[in-house]
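There are two complexes below, and they share chain A, which is joined by chain B in the first and by chain C in the second.
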Partner chain A sequence: MTAIEVREVSKRFRLRGPLLRRGRQPRRETVALDRVSLEIGAGEFVGLLGQNGAGKSTLVRVMTGLLVPDSGTVRVLGLDPNRDQVRNAANIGVTFGQRTQLWWDLRARDSFGILRDMYGLPEPVFVRRMRELDDVLGLSGFWDTQARHLSLGQRVRCDLAAAVLHRPLVLFLDEPTIGLDVLVRSQVRAMLADLARTGDHAIVLTTHDVDDVEALCPRIVLIDRGRPLFDGTLADLTGIGGRSGTVTVELTAGGGGPVRLPGARLLELDGVRATYALDPGVGQEEFAARLLGAGGVRSIDFEGVRLEDVLRSVYAGDHSRLGGPPAPVLPAAPAPP
Partner chain B sequence: MTGAVHRLARIAPLAECMRGTRLATTGFVVVTQVLLYAELWRALYAHTAEVAGLDVRQAVSYSTLATLATTARAMRGATGESVKTRILDGSIAYWFLRPVSARRYRAWYGVGEALYSSAWVAAGLALGLVLGLVAPPASAAVAALSAVSFGLGLVVLYYLTLLIDLVAFWTVSTEGVTRFYEFVQALLSGALIPLWFLPGPLAAVVTRLPFAAGVSTPVSLYAGRIAPAGAAGPLAVQVGWCLVLAVLTAAVWRRAGRRLVVLGG
Partner chain C sequence: MTGVARTTAGARTRRAWRAAGATGRAGLRERLADKADFALAIVNGVTYQVTVLLFATVVFTRFPPLAGWTVGQVLLVSSVRLLAHAVFVLGFTNVREIPYLIRQGRFDSFLLRPAPVLLQVCTSRFPLNAVGDLTVAVTSLGVCLSMLRLDWTPARAGFLVLAVASGAVLELALALCTAGVVLLRPGSEALFSWLDTVIGSFGNYPLNVFPAVLRAAFTFVLPVAFVAFYPVAAVLGKADTVPYGPALTLVAPLVALVWLGVGRWAWRAGLRAYRRHGW
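Coming up: the complex of A and B.
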């Protein structure tokens, strides 16, 4: 079932200079989204990646109904998120990085109570969900504190709880772990992984944190200058264009272990340590079997291609391996089990 | 889907009560202003028994109530739940991502603000009566009519403040227009100087403006400047402004939703 359907959506922003210089400066236009099409199924966890200014946040705002596209259509669970804003709001949950939806002067617990009233949650359901969220995010230690006095980590956890309190079928998370310490970050990730496991929620994660993406997102959509460059699995992205991992093999001393083997290129031989680059299409299991079959091997250490390295080269302008701009969008990845 | 939406009215009073210093500040400002204005009017009446048809007791009653109505309302704004502040901190997005429309949310929040400021007016009125600064209402009819008029005035003031606030959807900052509005409101609402001191033609115009509907009309009814028999006209003007401003703000809200700017990344 399709949860989010974005079809040929474009959005431009017209920027005007300050009043005094308006006559001298021509009006500038920025293309934030350029004919973007995207489908996200129920139960999918999608990482929406791209450089600053690539159009990620604009796309999220269009999908949440905050922005009206200049052209194209958006449907979230069959609703136009802008025209059916109130009905759509009942289906979605949203967090926007460090912007809180808690009421600043009230205790966090009061904010949850207000959201309970807005979403019409029966009290027993509200109490049960708060207990569940407390178990995962550890909220009860500070939910009697005014939002203004919460630390960043506490506030982010409260905001995440606020976003999922009504069990939305579609969740938009814009930089949910920005500025968090490792402990809180792992709590947030665990909570999101729990949600994903239910298979009920379509989740869109916008982030610059590749660890979040690698840990959570089976599918990645990469955006650049308002155009989708890539849409596929994490494995597709790290392996695209023949990118391969390296293998470090420790050989037994004087054992005369394998030096050259089919399926990999020897990069370096340093005493008993050999480093190989896997040939495209050669799997780790297959190459390990060859190594072990050759004998004289003490240990094998596979190191995959890091998403960060791939993104760095793409952001630096190397689109060649993605097909070059404007890139054809690869077929959507199947929904995770 | 939406349940106990009326409970959103508790947000503003709850937020105010969370901060003891804010309550203390509001109390201090209200009491100080009431006493200062009472002394000022007494000084003005030191050598005369009646000015513009009002004796000193009526004038001090008017001043006390007008000060209460204006100050209590102004002090509730400290909670900062406005379009302007929410646009500046970027959290305005959440107003449009909940199953209660931004317009409805702001209206219920406004009900809470009105109840909170009314509580201050009621407390101030009780204190004024005990201290002898405010004369009791001349009759039950006067009390009832001025209470109705005060309620209508709150609605008019809510819409006026909201209209100014909604400008932020277009301009982001509303400093200039807010300052201008506050200046006009103070001058033309009758909060500082009763409107009957204005020159005749000007007073005739000003008393029909929405600014007067917020303060001057209810307080004039209470102080006896407007007799119950002549209350229908001013009350009709208030109702008229409520309707006009409701239609106007509804139209602005509709356009504002499509003008939403979420500042930053």
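Coming up: the complex of A and C.
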């Protein structure tokens, strides 16, 4: 089932110039989204990546109904998030890392109570969910504190709990782990992984934290200058365009082990250490079998291509790793959560 | 594919009111969080409105009756205006807080919750100063009615109540119009203060005392005169003394409803613009 459907969505922002010089200057516009199409199935966990200003947040704002596109259509569980704001709001949960949705002067627990009333949760269900969220996020240590007195980590955990309290079928998470320490970050990841395991929620995660993406997102959508550059799995992205992992093989001394083998290119030979680059399409198990079959191998150490490396080169303008020009976008097969 | 949250109109209305109740209670709890702030907000409301009344009293006790309006009659105009304003503040004053709500990011969260945005705006913070406004307005109304010694008939009393309600609706309508403009253009937020000043400054006095251009402006452009002056003229039996004919003293409720329609349209247009361009 399709949870989110984005069709040919474009959005431009007009930049207002200074009043007195407007007549002599051409109108300036920035393209935030350029004919973006995207489908996200129920139960999918999608990482939405891109540089600052690439259009990620604009796309999230369009998908949540906060922003109306200039052209194209958006449907979230069949509803237009802009026209059906109230009904759509009951289906979605949203967090914005920089802004809280808690009531500023109230204790965090009071905010949860308001959301219980707002979403019409029966008391036993509310109590059970709060207990579950407390188990994962450790909320009870600070939920009697006014929201404005919470630390960033405490506030983010409360915001996350508030966003999922009504068990939304679609969840938008904009930078949920920004500024968090490693312990809180791991709590948040554990909570999101729990949600993903249920397979009930379509989750869109916008982040610059590649560790979040590698830990949580089977599917990645990479956006650049308002256009999707890539839509596929994490493995596809790290292995795309001829890129693959390297293999360091330690040969037995004087054993006459393998130096050249089909399926990999020898990069370096240093005494008994040989470093190979796997050919596209050659799996680690397959190549390991060949190495072991050839004999004379003391150890094998595979090192994959890191997502961070790929992103760094893509952000620097090298799209070759994505296998060619930015468009068209690859249609993504629904991935398991 | 159909939406998961398919509900009937009745269920949506119940949900909206439940949400309004929840945010309204939250708004009140927020205000009660600090006892000193709570007390100061009430004192501020009282102080502000007492100052306005004192000013009007001083002016009209130092000068002879203006255009045939005695001090008591002028104070009735002020009192009805104050009471209408207090009712507006009690229910809807948060509309004027929209620029702050947007900057705090709270306005966006209203767009993401299952309740009408205007309802969430209005219930986002309990207007404690309305308690002060109401106290002063009711006291002032009581004092000037005792001065005037009117013959109270059900029709006259009913029209006075209707006048207060119309005044509150008119203020809401004008606030919604302003909110629509502010949502469209962030730079126009000072309009809220301007509107407050205009109604507060000119709405307390009989229209007769103003020059012709202001009389026309407050009747046909910005309906300040319908907030209190015209309906109070009907209550006092002075319909024949008002500018532009006595019929205008009876149409305040109608004018309020028409302006409410305009305000509703402006609010929706502003909301659409906000969603289209952001702020």
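Things worth noting here:
One rule holds for everything that comes next: the second predicted complex is superposed on the first by the 321 of 337 C-alpha atoms of A that agree within 3 Å, B and C clash if a C-alpha of one lies under 4 Å from a C-alpha of the other, contacts with A are read in each partner's own complex, and residues count from 1 in each chain.
The working rule: a residue touches a chain if its C-beta (ideal position, glycine included) is under 8 Å from a C-beta of that chain, and two chains touch if they have at least 3 such contacts.
All values reported here derive from a predicted model rather than from experimental measurement.
In this overlay on chain A, chain B clashes with chain C.
When the shared chain is aligned, chain B and chain C each come close enough to touch A:Arg99.
Applying the stated contact rule after C-alpha superposition, one finds that A:Ala54 touches neither chain B nor chain C. Of the two partner chains placed around the shared chain by superposition, neither chain B nor chain C is touched by A:Val46.
Applying the stated contact rule after C-alpha superposition, one finds that A:Leu67 touches each of chain B and chain C.
By the touch criterion defined above, A:Thr2 reaches chain C but does not reach chain B. When the two complexes are overlaid on their common chain A, residue A:Leu33 makes contact with neither chain B nor chain C.
Once the two complexes are laid over each other on the shared chain, residue contacts for A:Ala89 go to chain B and to chain C alike. In the superposition on chain A, contact is made by A:Gly78 with chain C only, not with chain B.
Within the superposed three-chain model, A:Leu121 lies in touch with chain B and out of touch with chain C [touch as defined at top]. In the three-chain model built by superposing on chain A, chain C overlaps with chain B at stretch 204-212, while the rest of 42-50, 132-140 or 204-212 show no clash.
Put simply, chain A uses residues 64-68, 82, 85-87, 89-90, 92, 94, 96, 99-101, 103-106, 110, 114-115, 117-120, 146 to touch chain B in one complex and chain C in the other. Only residues 1-5, 7-8, 11, 14-16, 18-19, 79-81, 89-91, 93-94, 96-101, 105, 257-258, 260, 262, 265 of chain B touch chain A when the two sit together in their complex.
Touching chain A in their complex are the following residues of chain C: 1-7, 12, 15-16, 18-19, 21-23, 25-26, 29-30, 33, 104-105, 108-109, 111-117, 272, 275-278. For chain A in complex with chain B, the touching residues are 52, 57, 61, 64-68, 82, 85-87, 89-90, 92, 94, 96-97, 99-101, 103-107, 110, 114-121, 146. Chain A contributes residues 1-2, 13-14, 64-68, 75, 77-79, 82, 84-92, 94, 96, 98-101, 103-106, 110-111, 114-115, 117-120, 146, 169 to its touches with chain C in the complex.
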